[in-house]
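Structures incoming, each one as structure tokens.
In what comes next, subunit A is part of two complexes: it sits with subunit B in the first one and with subunit C in the second one.
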Partner chain A sequence: MNGLIPIVKRELLSYFRSPVAYIFIIIFLISTAGATWFLGSFYQSNQSSLDPFFFFHPWLYLFLIPAVGMRLWAEDRRSGTIELLLTLPVNLLTAVLGKFLAAWLFVGIALALTFPMAATVYYLGSPDTGLVVTGYLGSFLMAGSYLAIACFTSSMTKNQVISFVLGFFICLILVLLGWGFLQALLVNVFPVWLADAITFFSFSSHFEGFHRGLIDSRDVIYFLSIIGFMLFATVIVLEHRKAS
Partner chain B sequence: MNPRSSWIKKLLVSSTGALLLLVSLVALNYLAGLVPLRLDITEEGLYTLSDGSKRILSNLDGQVTIKYYYSESLANAPLQVKNYARKVRELLDEYENAAGGDVTLEVYDPQPDTEEEEWAFKYGLQRIALPDASNLYFGMVVLSEQREIAVPFFDPRREKFLEYDISETIARVTAKSQPALGILAFLNVSGGQASPLQPREPEWAFMGELKKIYKVELLLPNLTKIPEHIDLLMIIHPKFLPSNVTYAIDQFVMRGGRLMIFADANARTDRQELEKQQGIRFTYSSIPDLFEGWGLVFDKTKIVGDRRLATRVNTQSQGIVDFPLWVSFRGDRINRDSVITSQLEEVTFMDGGFFEPAEDFRYTFTPLLTSSSDSGTIDNFMAQMAGPIDISRTLEVDGKERVMAALITGTFETVFPNGPRKTQQELAGDPGTAPEDAAGPPEGHLDRVEQENSIMVVGDADFMHDQFSVQRVSLFGRPIIQPINDNLIFLLNAVEFMSGSRDLIDIRSRGTFSRPFTTVLDLQQAAQEKYQQQEKQLSDQLEQVRERLSKLETAQGEEGNQRVILTPEILAEVEQFREEERRTQKALREVRKVLWQDIENLGRTLLALNLLAVPLLVAIIGFAGYYRRVKRSGGRN
Partner chain C sequence: MIEVKELVKRFGNITAVDGISFDVDKGEVLGFLGPNGAGKSTTMKMITCFLAPTSGTVIVGGKDILEDPLAVRRQIGYLPESAPSYPEMTVLEFLRFMAEMRSIPRGEIGGRIEEILATTGLEEVRHQIIETLSKGYRQRTCFAQALLHDPEVLILDEPTDGLDPNQKHEVRELIKRMRHEKTIILSTHILEEMEAVCSRAVIIAQGKIVADGTPAELAAKSRYHNAVTVRTRDPQAAALREKLQLIGGVNEVEFTPGQDGGPASFTLFSENNRPILPDVTKFLETHDVAVEEIFAERGRVDEVFRNVTQPVA
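Up next, the complex of A and B:
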């Protein structure tokens, strides 16, 4: 893991050298606030809770996170800098992890910049601080999982658009798995235990606990294991490429 | 590169490796599911077994078996039920763990036409038919050596009370005997027809809830003695109690019985009075002899109004009004140190009265629900005659806080040292007797209690009516009661506290009904006050104009041969009156608009801040960085 921190630092700083990063943050902030106030009717709800805010995160991340992740490797593959990277003395795993962590931190910064929402509920009433903390924690972990998937799809192609679309669809499926209608469909096709096992892997049901102020080991392990799995898969894809 | 690591790499790159990884992902999550660890960081510890439950479990003597039935293998169970079933199962596991061997949990998945299904049915569990004709079971039965009690169906909407429901069932199953609760009610609490002119009413919801835990006995108002086996006596809306009943109540307290009195300054649910179309309605109630004897002041004709705790009501004639006579206690107006009220969020009283310790009061007086200092009183008569807006306008606030529910504790002494006192009516028929009980106390009379005792006094009875406390909904065709505020819980907590089983109190009413925007509420309050003041001013102005007009008319009439002649002077005055009326009405409209403006403005400001402030800042920083880089690179070139 030598060289991890320099990679993270370099990648993170490189984000802020391009205007795209700022535009991303602005879109992220406006869409989360907009969804909360207009779709979630936050002010009309008269409840000092960030529920309408977090409720839209799984859906907003569908568009936003694959957009961050799509350039992680696809860009390097297109421009050929990947060859350079693969010949560097750092371990491939370290490189993957470094790029991922930098992107995750970047998303974390964007998430942290939604602090006016939290300030608003504290100004308007007295929310349950536990719920606010777990909400943000859960949202950050979930964003990490989306990002790991985007990282994986990015490593498979040179084309950023393809990477985005692929990432979007994998995440969409994982969100929809928690949706009753899809679950009913699955039950018709598979035996109940398998259908239940499949629906277990939905983002929404694991995010729900955080919504309610619970940090459940199963939810944390779920998100971390998705991140781990997807990053390993990325390493495999890149390794495969290197070998061929 | 050493051969070992290259072998690993080869494996990883192969499809076998990918599959292996997928399997390990599933396995890891499966294993994590076996040892769930949960950290509950909600402020109220919503998901942790509370001390009350733990105490109940540690005091168990004898084995308790919980049989949990859930049709897990059923494909089409609603997702909501599936998720809830998981939570119920987890909580039951926690009970088993916390009980240290005294509780055994058995889990069943009843399949159609099996012995298990038959048992589930026998235990009285609810069989819920799903659209695809399969049957869902989702309930439990708790068994002890003494008895068995079933929870026929775990309603997902009672999630907040899940722990209470489970603990209560365990407590009931192991209880040696049920406390006996006597109810002496002058309202139609047990349902049916209050009088021939009234429609049939269902039994009030609180009665059903009480019957789950207590042996409830309705007492008749003509009793001379409270039956020996009654542990707790609830007196609801005591209207004109005869002296022998009052004496019986006093003696009940003397023998250590627990007493709760729900008097009222204006009982809106007093059906017998409601049907009287004219004349004075006696909608108030009190037990003056007892209250005075204990040193309490309670004026049954004075209704408390509170501007700060006013309840928003939708009146048919006057639209939405913040009605001060319906007092919604919340925050620090609810005693946070009493086990009865510590966890309540909002309790609403309708036209209630208040208690004050008199100068000679010698027991301990613990307020449970207290009005704010923005309160005053209105006469019962006025409340019956005037509309909500008039009442709201005339209420004069005097800065005094008023206690509307309280607990009195002490070693009580009898109020009737010489036996039952005769009322004026009884005396009228028997002129020979002196007003004060010359006969002396009857046999078996008790002068004081042996141990410290508690009496609860409440200044309202309407709050326990269904209309003001619950909502009846139907789930899978089965009626279910949902609280709309904490009124029912306040009552149940109080009964529980008074009847002595205090462990359950710690569990009940967890979870938060609502955390409203207090800032917005304050704005509303301030605007409403301003509006009311201004409205009063404007109405007074109108009144003055009218008075002037009528004076003018009278003067004209006297001078002009008893005839009102429309002189130009009067016409001008009338015109001025109309003009003023128009202006006043316009001003009123403006004031009403302003009432909402502040709140809307706050919303708009916050929205703008959330939507634009940080994005703008980010844009500026981005531009600044870009500009600096361009400049730097420009300088270099």
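Up next, the complex of A and C:
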């Protein structure tokens, strides 16, 4: 893992040198707050919890996270810096992990900046602190999974738009698998065990527990497995590029 | 130091590198020449373990690129063709990052970077964002990165591309200063550059080696090798042609009439490229020709280059 820390530091520095990062954070804050207020009827719900806030995260992340992830490898490929990075004496996994961690931290920073939402809830009532903490934790883990998928699609192309669209669709499928309407449909078409198995792979079903205050190790393992699997797939894609 | 063995690289049905083999020893500067698309960059990308060969391999300092790529990369400083760097970083930040990636001990990084900034003439732009630098400085920033860890081997892909003549000169001087301690491969399509800095040249075309030798050996393959060129303002110059043809050993004479008041010029080619300068000098003296300039040619590398890289029509 030699070189991991320098890569993370460098990537983060690059994020904050670019106006795109600040624009992203602003859009992140506006869209999460907007969804909570207007779609989630935050005020009317009259219950002091962050439920309406977290409820929309799986949907908002669909376009927010691939937007962060799309440049991960695509940009290095376009500018040629990939040739510097991958001729340094570090293994490919370190490079992939370093870039991913930096992007995840960046998303984590954006997520942490939504603290005024939490503060408002505390101001209006007395929410269950446990719920707030698990909600944030779950959201961060879920963001990591989306990001790992975007990292994977980014490694496949130089073109950031293609990378975004691919990432969006893979994430969309994983979100839709857990959508109530689709679940009902699946149960009608497939045997129950198969319908359940398909639903098992959805993001939303694993995120639900977190915003009900539960940290189920299966949910944590699910998100970490998606991350691990997608980063591994990224390594394979880059290894394959080298040989082709 | 570097052994390239039967290297082949295919991209789909394009064969970019087609069975290239050569060795480079320490102290040598190998000029890698060839027209655009010949496969120079592809070969260098395989030596630096950026691309995997379709077949064949390269041994760098005893380590095989297929078996121990990290050990190979540690020994190499690489300047890619496009001289990439991270545009949003300052020169100092960029070099510090590369030094950390090279595992240079923390305490030594500062001193090492200072040294390299001085060698590459980047001292005054150290705090500047790379994006705002001129092309020449960006090129040198990437060059500096290749020297940071004082590598045994330097792989430089068109190191003077896009530089102005002064900058070209500086880069060549830098390479000349380093050549005794290192093993250097540089690609170029500028022939004067090859003659100025390389101890040996390998010319490739369409992925294959078509010539390999010292610059003098390559020049000797030229039709101009040992040819004699004479410039004269003699008003009867044109009439001389026939007579020059009769000198022993001369088998062809080219005549270019003087233009804009300049001297006329003859080029005399000898049989089998034998030296004929003494015979020609004697002839001109006995015939009282007023000679402005006379010299024997070493050979023209550009002509050799064209001959070996162009498929026979």
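Following the convention adopted for this analysis, the second predicted complex is superposed on the first by the 235 of 244 C-alpha atoms of A that agree within 3 Å, B and C clash if a C-alpha of one lies under 4 Å from a C-alpha of the other, contacts with A are read in each partner's own complex, and residues count from 1 in each chain.
Keep in mind that, in the parts below, a contact is a pair of C-beta atoms (placed from the backbone, for glycine too) under 8 Å apart; a residue touches a chain by one contact, two chains touch by 3 or more.
Given the structure is predicted, the values throughout are model-derived calculations rather than measurements.
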item	value
Most subunit A residues touched (candidates subunit B, subunit C)	B
First (subunit B), second (subunit C), both or neither touched by A:Thr81	second
First (subunit B), second (subunit C), both or neither touched by A:Tyr123	first
Partner chain in contact with A:Gly34 - subunit B first, subunit C second, else both or neither	first
Contacts of A:Val192 with subunit B and subunit C, given as first, second, both or neither	first
Partner chain in contact with A:Gly108 - subunit B first, subunit C second, else both or neither	neither
Partner chain in contact with A:Arg17 - subunit B first, subunit C second, else both or neither	both
Intersection of the subunit A residues that touch subunit B with those that touch subunit C	17, 243
Subunit A partner contacts - residues on subunit B that touch it in the complex	9, 12-13, 17-18, 21-22, 25-26, 28-29, 32-33, 35-44, 46-47, 73-76, 78-79, 83, 512, 514-520, 603, 606-607, 609-611, 613-615, 618-619, 621-622, 625-626, 629
Interface residues, subunit A side, partner subunit B - complex	16-17, 19, 21-23, 25-26, 29-30, 33-34, 36-37, 43, 46-49, 113-117, 120, 123-131, 133-134, 180, 183-184, 187-188, 192, 195, 197, 200-201, 205, 208, 212-218, 221-222, 225-226, 228-229, 232-233, 235-236, 239-240, 243
Subunit A residues within the subunit C interface of the complex	2-3, 5-7, 9-10, 13-14, 17-18, 79-81, 83-84, 86-91, 242-244
Subunit C residues touching subunit A - in the complex, by the definition given at the top	11, 45, 48-52, 70-71, 73-74, 76, 78, 80, 82, 84-89, 93, 97-98, 100-103, 142, 145
